[in-house]
Amino acid sequence: MRARATLAATAALALASLAACGSGDEAEAGSDGTVTVFAAASLTEAFTEIGDRFEAEHDGVTVEFNFAGSSDLAAQITEGAPADVFASADESNMDKVVEAGAAADPDTFALNQLVIAVPEGNPDGVTGLADLAGLDFAACAEEVPCGSAAQTALGDTGLTPVTYEADVKSTLQKLTLGEVDAALVYRTDAIAAEDEVDAVEFPESAGAVNAYPIAALTDAPSPDLAAEFAAYVLADDAQAVLQAAGFQHP
Amino acid sequence: MSTPNGMAERGLDAHLVVERGATGTGSFRLDLRLHVAPGETVALLGPNGAGKTTALRALAGLEALSGGQIALNGEILDRPGTRVGRTRAARSESHIDGPPVNNPDTGVRQSSPDAFEQGALKHDEAKRRSNREGIGSSGIRGSSREGAPGQGTGDARSDRWVPPEARRIGVVFQDYLLFPHLTAIDNVAFGPRRRGQGRAESRALAAEWLDRVGLAEFGKRRPKQLSGGQAQRVALARALATDPALLLLDEPLAALDARTRLDTRAELHRHLAGHSGPAIVVTHDPVDALMLADRLVVIENGRAVQEGDAESVTARPRTDYIARLVGLNLYRGKAEGHQIVVGSSTRTASGSATGSGSRSDAASAEPVGEGGAAASPEGPVVLVASDPLEGPAFAAFPPSAVALYPERPDGSPRNTWRATVSGVHRHGDNLRVQLDGPLKAAADVTPAAAAHLRLEPGREVWATVKASEIRTYPA
Amino acid sequence: MPAKRTLRRRRVPAALLAPAAIGLAFLILPLAGLLARAPWAELPARLAEPEMLAALRLSLLTATAATALSLLFGVPIAWLLARGDFPGRSVLRALVTVPLVLPPVVGGVALLLVFGRNGIIGSWLHERFDITIPFTTTAVVLAMTFMSMPFLVVSVEGALRGADLRFEEAAATLGAGRWTVFTHVTLPMVAPGVLAGAVLCWARALGEFGATITFAGNFPGRTQTMPLAVYLALQSDLEAAIVLSLILLAVSVIVLASLRDRWTAAP
């Protein structure tokens, strides 16, 4: 545990600039109406919208976001970055934060399911996983949440992607550049790129749903606003926004 | 050898014309005819910037001619077409842009501020390279033009260019330019190998040559591990190992210290004597020239100003440069029987002290004596010599022939004049006195005599020369 | 005299010493940080992992191949830039150095636009020969070559410009044609510059990440080089990432140091 903490300190050094953003002024400002939310990159569009609504309903409150990969955010939080809320794209990164004592009792606020993204018009007529045989397709690497989901979904089908991308955006990019015929991506990402790609649902993805947990942080500079924002995300208004973006209700 | 035909067929027969830069300052023109018989060694002697190295580079094919031609044993190596205008301009253009890669005259680096070298210094690195490219691609240019025979005018002649690698010419460069990444033996074997011999064969030949220059044990050394004299000998062996039809040496001894120079010079002389083809030594050192060469060609400003064997050149110098080198007072004038009227009295013997008032570089830029007889502000001076002569003539006498007196001597010397001492400095065991006056001259006196005369700058003395000491010859 | 000279040479001006010390600290401290935090106990286990070994082998192989390609094409480019006399040479020189300033990911995308399935050349290769470059080891080598060749070109060009052309003239008078002059005189004489360039090139190729992951993707054993493995490990396991980085560092330092020893040992 100790080793882990010191290691994370190294990471914090590397991420010094990001950490600096959330320190000092904002910590002070938090007490008079700012809530700082560390959220997974895949939540960028939905949370920006939710943040606007939250501000509209709370006079004098400002919501500040730090969007990044969940693992980066987890490292920053465990190293003491002054965040109020953490919204992770997977449970394992939330677990790290909880283990480090920086959060307690996270709630799952959204589910994200994999789809098969294909070029618009579905030229290869893909209807399910089996159709991927003989096609070049891209998926995320196991190390990132969308990759572990893809791994689960593919199971023992024997299908292998031509590339394991570092994140879901570059997985999708390989499709939009035309280098692959299909890509296993989150439904939310496919919807965000609906001008260029079509999303094909497949049943195997049900067993590999990604859960998005949210938690107010123990050392939140604005504990009240933190709890309030976390609750707001779980409530109907925010849920509608998330579902419009392609997330599912937990 | 006696027929002109024979001259053209064997040995080197060259008319080197290299033009650089537009007319005006910075322009340079070399125009030199050279005939070197097989087995003969010719020294190109001249001051810095005279064009010696340019001539050598043109012969080696490192620079293309703008005019004239080079024929070696009857084969034309370089001959720009004579259909004037276009080809010729195009040909010389790539060389106008830049100076040769090394200093056009290599004796003293970049020190002489004459027009040519100034021009050379102005050019930047890129131009140097472009010049080099011009040389390199000359082969292509030449051969392509060869395909188009000169039609039209009757006296048109076809263009010819043999690139350096195809000329059988050995060159010993001033800094030797031994390849630093190769051992001595591999340096020597480089030429034979390139000329088509096998690896073992080349190395055997190289070993033989190293042995011949007395460096049999040094084959495994790299150039850095060789002394100056050794490097010079390796360079010589490298040039000779290709069995060149023509041997060129650029200031072969200039980089050596005095002692090494003495030994190396003697050895070089031996090898030159053993070389059956023509050889040309470029040097600014008269001793090298006299010791190594059968014949001297003195060039100044791109032209030959005097030619002949060592004896005639040193005994009868025709230029101020040579007069200074061999240590003679030289005057040009007009002979009428035993009398010779000289006006241009700036010719002084070598070793003139700096600041002695006899700086004559400007005068030496022209062939000597062209200034005419009235140049002396004090009016013409009449010298009397023992041998009669008529017409334009040179008069020369050594500084040791000049005697100095505090008062006008009573005796019979025919040549007596008043002079002012402008400088005194050591010269061997004696003192050399620079004299100003109607006849600028150098005089050698013993230290005792100098003390007796209380010689010091500004002192007025009487100078005399016996008529029998004055050598006169037609100009 | 020589004693005096060495004395003078040895004395480093304080004005240089201070910034040099700061600069060195800046360069070395992060490395020291990695070393201090490395979970040494895990090292043997990591070293034995087949995935790690595959990535390491692939990295060494592709970086070496990229260096070879860079030498093959980069040395002629350098020669052209140093010795060629043609209009637009300075523009060409600037273009050659574009990959130095290009964000590597953009470089990867640019490569996809040319060699990708829909790329200018890639589509032709795909249709005509059924060859696809992206997601292959070839793509890794191409990405590395694209990003690292400029280092070689710049280094060799500098060496060529500094070379004394008179040696080439001497070689010509000894009967060497232009090509022989190049191979037997020019190249050996600029060898230190070529080697320095090759080392830079190799090091850059070894560390190449952005263009590789974009153009070649990430597939263990085929396109997953060490930097890719490190990056992905960083997503889930910081310690693993540090261990992998240290292994990459150690191997490259050993390779470069042993090469340098061999060069300097040569007489």
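Chains: A, B and C, in written order; residue numbering restarts at 1 for each.
Throughout what follows, contacts are C-beta pairs under 8 Å (C-beta built on N, C-alpha and C of every residue); 3 or more make two chains touch, one makes a residue touch a chain.
In this text the structure is predicted, and so the values were computed from the model without any measurement.
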Q) Can you list every chain in contact with both chain B and chain C? A) none
Q.
Suppose every chain is reduced to the average of its Cα atoms; which one is closest to the average of all protein Cα atoms?
A. C
Q. Quick one: chain B and chain C, Cα centre-to-centre, how many Å?
A. 52
Q. Chain A to chain B: how many Å between their CA centres?
A. 86
Q: Give, as an integer number of Å, the spacing between the C-alpha centres of chain C and chain A.
A: 36
**Q.** Residues of chain C engaged with two or more neighbouring chains
**A.** none
**Q.** Residue ranges of chain C in contact with chain B within the complex
**A.** 82-85, 161, 164-178, 180, 184-185, 188-189, 191, 267
Q. How about chain B: which of its residues touch chain C in the complex?
A. 60-62, 101-102, 125-126, 128-130, 132-133, 136, 163-167, 169-171, 173, 175, 177, 179-182, 190-191, 194-195, 222, 238-239, 242
(Q) Quick check: in the complex, which residue numbers of chain A touch chain C? (A) 3-4, 6-11, 13, 69, 71, 75, 92, 136, 138, 141, 143-144, 161-166, 170, 174, 177-179
Q | chain C residues within the chain A interface of the complex | A | 33-34, 37, 39, 109, 112-113, 116-118, 132, 134-135, 213-214, 216-220, 223-224, 228, 231-239, 242
